[in-house]
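Multiple structures follow.
The same subunit A turns up in both complexes below, where it pairs with subunit B and then with subunit C.
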Partner chain A sequence: MNRRLFKERTLLIALYSLTVFGCLVLAVILATVITRGGPALSGTFLFEEARNFGLEGGILYQIAGTLILMTGAALVCLPVALGSVLFQTEFLHSPPLKKIFRLLIYSLNAVPTIIFGLIGYLFFGVFLEAGVSWVTGVLILAVMILPTLHVSIHEAVESIPDHYREAGLALGLSPGQQMRAVVLPQSLHGIITGTLLGLARAAGETAAIMFTATAFSGVRLPQSWTEPVTTLQTHILVLAQEAANPIALTNAWGAGLVLLTLVFILITATLWIRSGLEMEAER
Partner chain B sequence: MNTRSLFPERGPAFWGTGFTALIASGTIFILFVSLVIESVPVFKTQGVSFLWGTDWFAGEAYGALPMIFGSLMVTAIAVVLVFPFALGSAILTSEFLNGRLRLMVKAAMELLAGVPGIIYGLMGIALLTIWVRDVFGLIDGNTLFTAGLLLAVMVLPTVMTLSEDALRAVPGEFRDTALSLGLTRMEMVLKVVVPQALPGLAGAVFLGLGRAMGETIAVMLVIGGIDRIPQPWFNLFASGQSIPSKIGREAAEALGFDLQWSALIALGLVLFVMVMALSLAGNLLLRRAR
Partner chain C sequence: MTAHAIQLERVRLSYSGKAVIETASCTVRKNAVTAVVGPSGSGKSTLLRTLCRMNDRIPGFQVEGQVQVLGRDIYDPGINVYDLRKRVGMVFQKPCVFPKSIVENVLFGLRFHATINGKNFSERAEQALRDVFLWDEVKDRLDDPAHTLSQGQQQRLAMARTLAVDPEILLMDEPTSALDPKSSRAIEDLILSLKDKHTIVLVTHNVDQAERVAEDLICVDDKTICHKPCHPLPGEGTC
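Now for the complex of A and B:
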């Protein structure tokens, strides 16, 4: 019996250390980015444009570029994701078709982001003649975050209790009225969390936009449909490749800190909304 | 069966949502077909030898083998390194933690999953390559091993979260029965819950492999970027190249319609097929677990 107890304890300690180690990774990332990026931050860094290939000045237009791309992507993606979820839940009644639809969305989620960049450039850059521009970037990111929004909204719609729908049907609502009066209001939290997660994913993406939507220096706000932007992600990418230069590296960490803060605010908001809902459900 | 019985009502709501659903479900086919069409030129000039050629000189020869090898290698390293951590923390979170602690671990994993790839790349280039160089006494820290290590950290949340879902999907009666037979909790977990969740755990690993194989930016910065198979092939501490890293490095200069672009798209096609196979297998296994 003692041997069993000993084994039980040792294994439990092993499990705890593996888990603590996993969570430590997050702490290490946060600590590194904050300690190394902190010194770069200042009023001028945040609110001035980059000069001398990112060695001087700040990251104002990089921040603006990241915000433009992620907001644009979410705005383009949201109606499509919403529509396809509603079609799947309200009109698609045959189980095998539902299964196939789900599998297609999950597969889209697994596609490597660089492939969205390659094919997205062909479609939006070449065929739509948008070239290397912010519009191409927005459209590529919109396709990329589609599964994120879709899955989140779908979960919310699926969790609407049946009697809500039955009440709607009993009132003789058409499918369109049913969507507006019952489904959309009741799945609002899923729409919000899905959009926030999508924004976070778009903000963190580099590979899909680095050769399709961005330029490194001399770029401000886009003045037309076909101009590139500059973003935090690609700014870090270029500076990181000059890792031998300490000033470049410090500015890369500074931009990294801003990017990480942005992404973590979005994810924390998602977690907060979700945990609030869970507490409500327990009451 | 006629379509009217499938879709009884056909108002504007039907057509509107149907159109968006078509976009959502059709995208994956468009991606695949475009990859195939655009990679035709390189297969025409090189034949299937594109797949096992070992030399890649832009403008002369295109051989994908070093990149395919590199992708498989870094993915394998990542999964070997991440598995104990992912499984360990999944078991602990699902079977031993409750309430606040469990939520905290889950929240940490969500945040970790959201860390942008470029941040991992920056950490890799500024810290990890130097550690690897010093710890293993190498001349250059940009190796397949470094890339695998970085990928292991990046896919930890994916594998852990999916493994935890798989473990929690095992019905409670199994646990009650095991405990009532006098097993300790750990014995119950190792002898009943884990074996029951095995397909789901395998699914989690497959999806993690798929994520790791497609990751571009972080790998690109630490893998070394040399298109060759290391000598001997199992030498993990040599520079190499993975498919996404190769595409990421050359896409900007090849942007357009010449043969190099076609060769990059063909690499993308190879990557797409491998990742889709992993993802399909993973999703089917996870579905079986539920």
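Now for the complex of A and C:
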């Protein structure tokens, strides 16, 4: 066997083992969550409110709270992300400014979420006097997922084939008309997948909303702008702290399983929509 | 009012300072077909795109000299470039249809320009499709996706879309080079039928095609351009 072949083989084996290792970690996590959390699942668990600090009853309002924060964040973030992308691609023509704008978005993506939580709390909660409320949570999460949405919408807009743009341009469309007729329809898949990915990211977030938007017990659906919600993430965290109580732990795992399922559904929908729209675009 | 649709005077076209065309002066007659020929990379497309300011969004592209189209200097700061592009339509080499129905493709530009109601839209669509001899082929399937058409039909659809906004000048950049001979001939016939109402500038690689459809010829070579009569007498036809 010559040296090159040997080198290639070794590299291949290394790659394989790394892949297998990655998949294994994922499988172990999934298996653990399912075996530990599975026993907690039942109709009661999913559709009733928590009683006795999460030891009895279910997680109905936790699921509702998570969904409220997620959809709220997406609804607030989408127009902002879309606007900033269109500003960057359609109206900003100087390359250095574009670079700075891009740098800004990427830096935003790298800020630790606890910082978002802190700043968000100081700004929305204290300065705007919203207190611990679901609106604060929605706004903080919206800022947090902004880079995710921005980057994926930006990618979709940049990948619009030039001939579509040129065809629109040659017909005398103004930038606004070009946006409506060409840019938005042709980047729809990126807008949808970006939003879903952003949602998935928001679903996994705990630190930023822990002390700004959520409370642990006695919370149902918010009746006003300034009330907190309760979420799966908070629920898991608080229950997990009672490590001595096996019921609490099982319920924590159960809530974790539900959260994981929510995220899984989002990611699957993302992939499904993306492949569907890509097929349409290629026809 | 000038007798020429287009008039270039000492025009220099460059990308980031590198000249593609060093100096060009020429005229294009109204309601005639003018063919632009020249070797690959000589700047035919660049010249054509200059005429409807399609290169505006390319950073570093620069036009010097005077480019008069329909009696106005189109690189004058006061010019409305969207209105210009409406009056100077362009058809590209590769047929470009949008992932929409056939009729929506025809109305793509018109919808933004016209202040007419729904019924008239379908009339305008029919007229545009008749103009490109496509009506009989698609009248029963107007709502089908446009990409189900053949390449030649798609190119005619693209022309119908451009004609629907009623341009005075039609620029075409090698409109038949992606097509088979039969579809190419259909486009050539179409070009001849359009010149009564439109001024047409056609870039082509095909000298025979230029001879078949064009009255005037513009040769682009060596960073300069020159006129030639299309059917040169013996001894004539040198630049």
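To be clear about the criterion, the second predicted complex is superposed on the first by the 260 of 283 C-alpha atoms of A that agree within 3 Å, B and C clash if a C-alpha of one lies under 4 Å from a C-alpha of the other, contacts with A are read in each partner's own complex, and residues count from 1 in each chain.
In this text, a residue touches a chain if its C-beta (ideal position, glycine included) is under 8 Å from a C-beta of that chain, and two chains touch if they have at least 3 such contacts.
No experiment lies behind these values; they were computed from the predicted model shown.
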{"item": "Partner chain(s) touched by A:F123 [first = subunit B, second = subunit C, both, neither]", "value": "first"}
{"item": "Which superposed partner A:A167 touches (first subunit B, second subunit C, both, neither)", "value": "second"}
{"item": "Contact breadth on subunit A, by residue count: subunit C or subunit B", "value": "B"}
{"item": "First (subunit B), second (subunit C), both or neither touched by A:I13", "value": "neither"}
{"item": "Subunit B versus subunit C as contact partner of A:P95, first or second or both or neither", "value": "second"}
{"item": "Touching partner for A:A181 - first (subunit B), second (subunit C), both, neither", "value": "second"}
{"item": "Partner chain(s) touched by A:L221 [first = subunit B, second = subunit C, both, neither]", "value": "neither"}
{"item": "Residues of subunit A that lie at the interface with subunit B and also at the interface with subunit C", "value": "93, 174"}
{"item": "Subunit B contact footprint on subunit A (complex, rising order)", "value": "4-5, 7-8, 11-12, 14-16, 18-19, 21-23, 25-26, 29, 32-33, 36, 79-84, 86-88, 90-94, 97, 101, 103-108, 110-119, 121-123, 132, 143, 146, 150, 174-176, 179, 200-201, 203-207, 210-211, 233, 236-237, 240-241, 243, 249, 252-253, 256, 259-260, 263-264, 266-268, 270-271, 275"}
{"item": "Interfacial residue positions of subunit B with respect to subunit A in the complex", "value": "6-7, 9, 11-14, 16-21, 23-25, 27-28, 30-31, 34-35, 38, 84-86, 88-89, 91-93, 96, 103, 105, 107-112, 114-119, 121-123, 125-127, 153, 156, 160, 184-187, 190, 207, 210-211, 213-217, 221, 244, 247-248, 251-252, 255, 264-265, 268, 271-272, 275-276, 278-280, 283"}
{"item": "Contacting residues of subunit A [partner subunit C, same complex]", "value": "93, 95, 163-164, 166-174, 177, 181-182, 280-281, 283"}
{"item": "Of subunit C, residues touching subunit A in the complex", "value": "52, 54, 57, 59, 82-87, 89-90, 92, 94, 96, 98-99, 108-109, 111-113, 145, 147, 158, 161-162, 165"}
